[in-house]
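The following pair of complexes shares a single chain, subunit A, combined with subunit B in the former and subunit C in the latter.
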Partner chain A sequence: MLLHRRIYQFFIIYLLAVAFLFLIKYGLDLSDYVIPGPVDVWHTGTREFSRYFSDVMNTMMVAVIGQVISIFLALLVGITGRQATWIGSFTKAAAYNVQAYPIVALAPIIFILLGDGIISRLLIAAMICYFPLLLSVIGIMSEPISDIEHFYRVTGRMRWQLEVKIRAFENMNKLTTVVAGSATLAMAGTIVAEFIAANAGIGYSIRIALFQSDLAKILIALFLIGITLSVYQGLLEVIGYLIEKGWAAK
Partner chain B sequence: MYLAAQGLALKYPNTANYVFKNLSFKLAEPGFNALFGPSGVGKTSLAKIITGEIHTFSGDIRSKGMQTCLYSYNLERLPGWSSVGKHLEKITPPARRSRRDELISVFGLEELIGKRFSRLSLGQQNRVNLLRYLLQDFHLLIMDESLANVDELTREKIILKIKDMYPEAYFLYISHNVVEVSKLCNEIIVLRGGLKEPSATVVPGRNFMTGQEMERAELEQTMLEIVNASS
Partner chain C sequence: MKKIQMQKAFPVILLTIMLIVSFPGSRIGTAEAAEKVSYRLKWLFNMSVAGDIYADVHQFFARQGLKVTIKEGGPERDAIRELELGRAQFGVASADQVIRAVSKGATVVVIAQLFQVNPLQWMYRTDRMKIERLGDLKGHTLGVTFGGNDEAILKTLLAKANLTENDVTLFSVRYDYTPFFKKKVNFWPVYRNTQAVFLGQKLRQAGEDFAFFNPADHGVRFVANSVVTSKTMLEKRPDTVRKFTVALLRGWQAAMDQANAQKTIKTLQQYDRDSTLETLQEQLDITRRLIHPKASIPVGEIDVAAWKQTEKIMLDQRQIPGPVNVERYLKAIPEY
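Our next item is the complex of A and B:
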């Protein structure tokens, strides 16, 4: 159900955006060079579909790995930062301050140091989705669920694992939303990296289409990015729902 | 073993009025006692001073032989990932398993043991919550409206059973029910608020036990004393 919703929501938005472009094209009588007609877009789609699909999968793979790394790091640091100790406060303050800097601006340095291979794309994707994830995880993990935790505290049964379990369980919806949302950031990070200097992925293909001023290719690329991301986010939400349901059914 | 307070005063930061001041009482013997008073006179605050959760008070609070003071309240929840029975299983020391089963029966919870906490009514939730505290080590258990939303007959049955099962422990039962505290409690600490001095008076209750006869006139007399003390 979540998956369907994501997909048809994307279709509605994409079709509205494309319809708007065609409205401008025919309203202002723009040439096919500026905005290609529906037939051109269709032909480009059939011609480029498999190559772009493979590019999107390449980008998606990097984004997913980057996101998984970010999630693990954010959980690790978020769990440390939840504590009301000096190390927890330091972690929180550092996270809030570092995330204020636009990480994407560091991308050129990464490319200079690490070259234009997969490692640079992965690192930029991970960095871009890591900080928003971290802030959410710290926020969730530092908020006590007093009405549940009280018993375990006063009876001396509270352990950090139990505390994390209680807070994660009580905020499973929020965590799922944050993780699904961070998929967009990871994808955006990877595409930005590919725009800047990489030699593979859909961002790289879009950059080439941009040099050729070929809007039809860009529209096809955007469609494939959108539909792939919608399916991925929908799957993440379904997984979150199943984890919550499975956890509650134990 | 005793619990005594002498000249306790509490004022929250940036407020002019005292929650209570010159509050003194002594509970010299174990038993089922009550903290009684209208809302806002500082019952929960006093409970938290006793358990050491509030430190910003003046005066003296002393206890002897009372190392473990537990505070339970009626809005607590159990985690939602497993059933009530599984939670109770986890938090029950092995030596108290038979006690747990006895309490489950007295509390009328047999049918609910396989259910999730969130599926229970408020009264059932409160009974489950209180039950798990009774399975822990404690010298003093503060029950802050722990039997709210439980019907009167069940409440009385539960309190009488607690009194029978824990003769060596101290209980402080926070309640707004004057009949209940008059009838079932040994001593009733009546809180009167920070504008009155003294802020608390101790009224002896009827301390009704299982199988005893209760004189209606005596009960009414105690109720009257409590009402007078709190006004």
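Our next item is the complex of A and C:
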């Protein structure tokens, strides 16, 4: 149900955006060089679909791994940072500072040090999507669920693992939304990395299309990125729902 | 009563007059004022735009009754799109951009060709490679920007040498020069008059010998930057186009004149604050050879044969779906 909704919502948004572009094109009588016509977009789509689809899958794979890394990292930092101790505040300060630098300034250094292979793309994807995750995890983990936690505290059975579990369970909806939302950032991060320096993925193909001033290719790339991301986000939401249901059953 | 009404109406009348006077098409109150036009460059302010800046700073445009706003270019800027959208009246575009635009129905006209020799060449280490003929490229790792002009040029060169992509290793070039510095790749695409000067200085400091591979020496003449305007502009304001072209080419000619070298460098330094004097001097010497290689050819001359070859290269590599007869979109430069 969630998946289905995500996909048709994406179709509506994409079609509205493309229709708006065509409206401008025909309203201002612009050539296909400025905005491609529907026939041009269709031909480009049929010609480039399989190649671009494979590029998007390549990017998606890196984005998913990058997101998983950042989820673990955010959980680790968030759980450590939830404590009102010196280590907790230091961890938070360090995590915030790293995020203060724009990725486009850091990316060239990353590529020089790590080359233009998969590791650089992965690192940049993780760096871009981890911070919003971290903020949410810290927010969720720092907020006690008093009515439940109180029982375990007075009976002396409270452990940090239990505390984390209680807070995660009580905020599962929020966590699922944040994780699904961060998928967009992971994908955007990977595309930025590919655009700057990688030799693979849809970001790299978009860069080549820009070199060739080919907006039709870019529209096809955007469609494939959008639909893939919608499916992925829908799946994440379904997984979140299933986990919540499973925990509740226990 | 009437006086009060007049007082109330005064701001409205004033605003209306101001609007009429400030409207681009208005002639009221601007009989003596300069005609305003925008000029979108292809790239950032550097030696490749020295003549454009010179024409502006030294009043060549003003003397033709024009007030030109020069807009810096960049990787995401496209002068041809801006012409069509009415954001600029003139611009600089590469030949492949022009041919691609024409093949997609854009009504663009080339009014001058800035570079007679394409600055896009390859820098290579002479102790690692010896290139006397095209066949010598075989077996080497060659740097190329996929999707860029250099890809089209290199593939044409390989085809001319009866080499396939399996006979060489193509290395994808990006902003980072590390693979070239580390000698992982010894054949690297550069803009001869800008990047190549920085890189050359570094290699000389490291005691390395290098040379340049110019595709034109092997029969491949792919046109670089040219000045463009829209067909509408040419039809509706031919006098403005003529004045602009004359001013621009006079500016370029003066900027490339050996006698004005110091003046050109001083002018460019107002815009390019990062390059050292030594770098700018070297860049100017090289730019002069690319813009005005022979005294017999005027600055800005359109090399029709090279344009036709550029179109053929793009057609052979299926970058355009069919012939566009690019010569129909080239306008001979006026006498200046």
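Convention: the second predicted complex is superposed on the first by the 244 of 250 C-alpha atoms of A that agree within 3 Å, B and C clash if a C-alpha of one lies under 4 Å from a C-alpha of the other, contacts with A are read in each partner's own complex, and residues count from 1 in each chain.
As a convention for this text, a residue touches a chain if its C-beta (ideal position, glycine included) is under 8 Å from a C-beta of that chain, and two chains touch if they have at least 3 such contacts.
In this text, all values refer to a predicted model and were calculated from it rather than measured experimentally.
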Should the superposition on subunit A be reported as showing a clash between subunit B and subunit C, or a fit? fit
Please tell me which partner, subunit B or subunit C, touches more residues of subunit A. C
Where does A:T85 make contact in the superposed view: on subunit B (first), on subunit C (second), on both, or on neither? neither
What is the contact status of A:S213 with respect to subunit B (first) and subunit C (second): first, second, both, or neither? second
First (subunit B), second (subunit C), both or neither: which does A:W247 touch? first
Students often get this wrong, so check: with C-alpha centres, what angle lies at subunit A between subunit B and subunit C, to the nearest 10 degrees? 150
When the two structures are overlaid on chain A, which partner does A:H150 contact: first (subunit B), second (subunit C), both, or neither? first
Once chain A of both complexes is superposed, is A:Y33 in touch with subunit B (first), subunit C (second), both, or neither? second
In the superposed arrangement, does A:F111 touch subunit B (first), subunit C (second), both or neither? second
Quick one: is A:Q9 in contact with subunit B, with subunit C, with both, or with neither? Answer first, second, both or neither. neither
Return first, second, both or neither, reflecting whether A:I196 touches subunit B, subunit C, both chains, or no partner chain. second
Please give the least Cα distance, whole angstrom, that subunit B and subunit C reach in the superposed model. 53
Following superposition on chain A, which residues of subunit A contact subunit B and also contact subunit C? none
Along subunit B, where are the residues that touch subunit A in the complex? 51, 70-73, 75-82, 91, 116, 129, 132-133, 136
Listed in rising order, the residues of subunit C that touch subunit A in the complex are 75-76, 78, 80-81, 84-85, 97, 100-101, 104-107, 145-148, 172, 174-176, 178, 319
Note: in the complex, subunit A contacts subunit C through residues 28, 30-34, 36, 40, 108, 111-112, 116, 196-197, 199, 207-213
Show me the residue ranges of subunit A that touch subunit B in the complex, using the header's touch definition. 147-148, 150-151, 154-155, 157, 165-166, 169-170, 247-248, 250
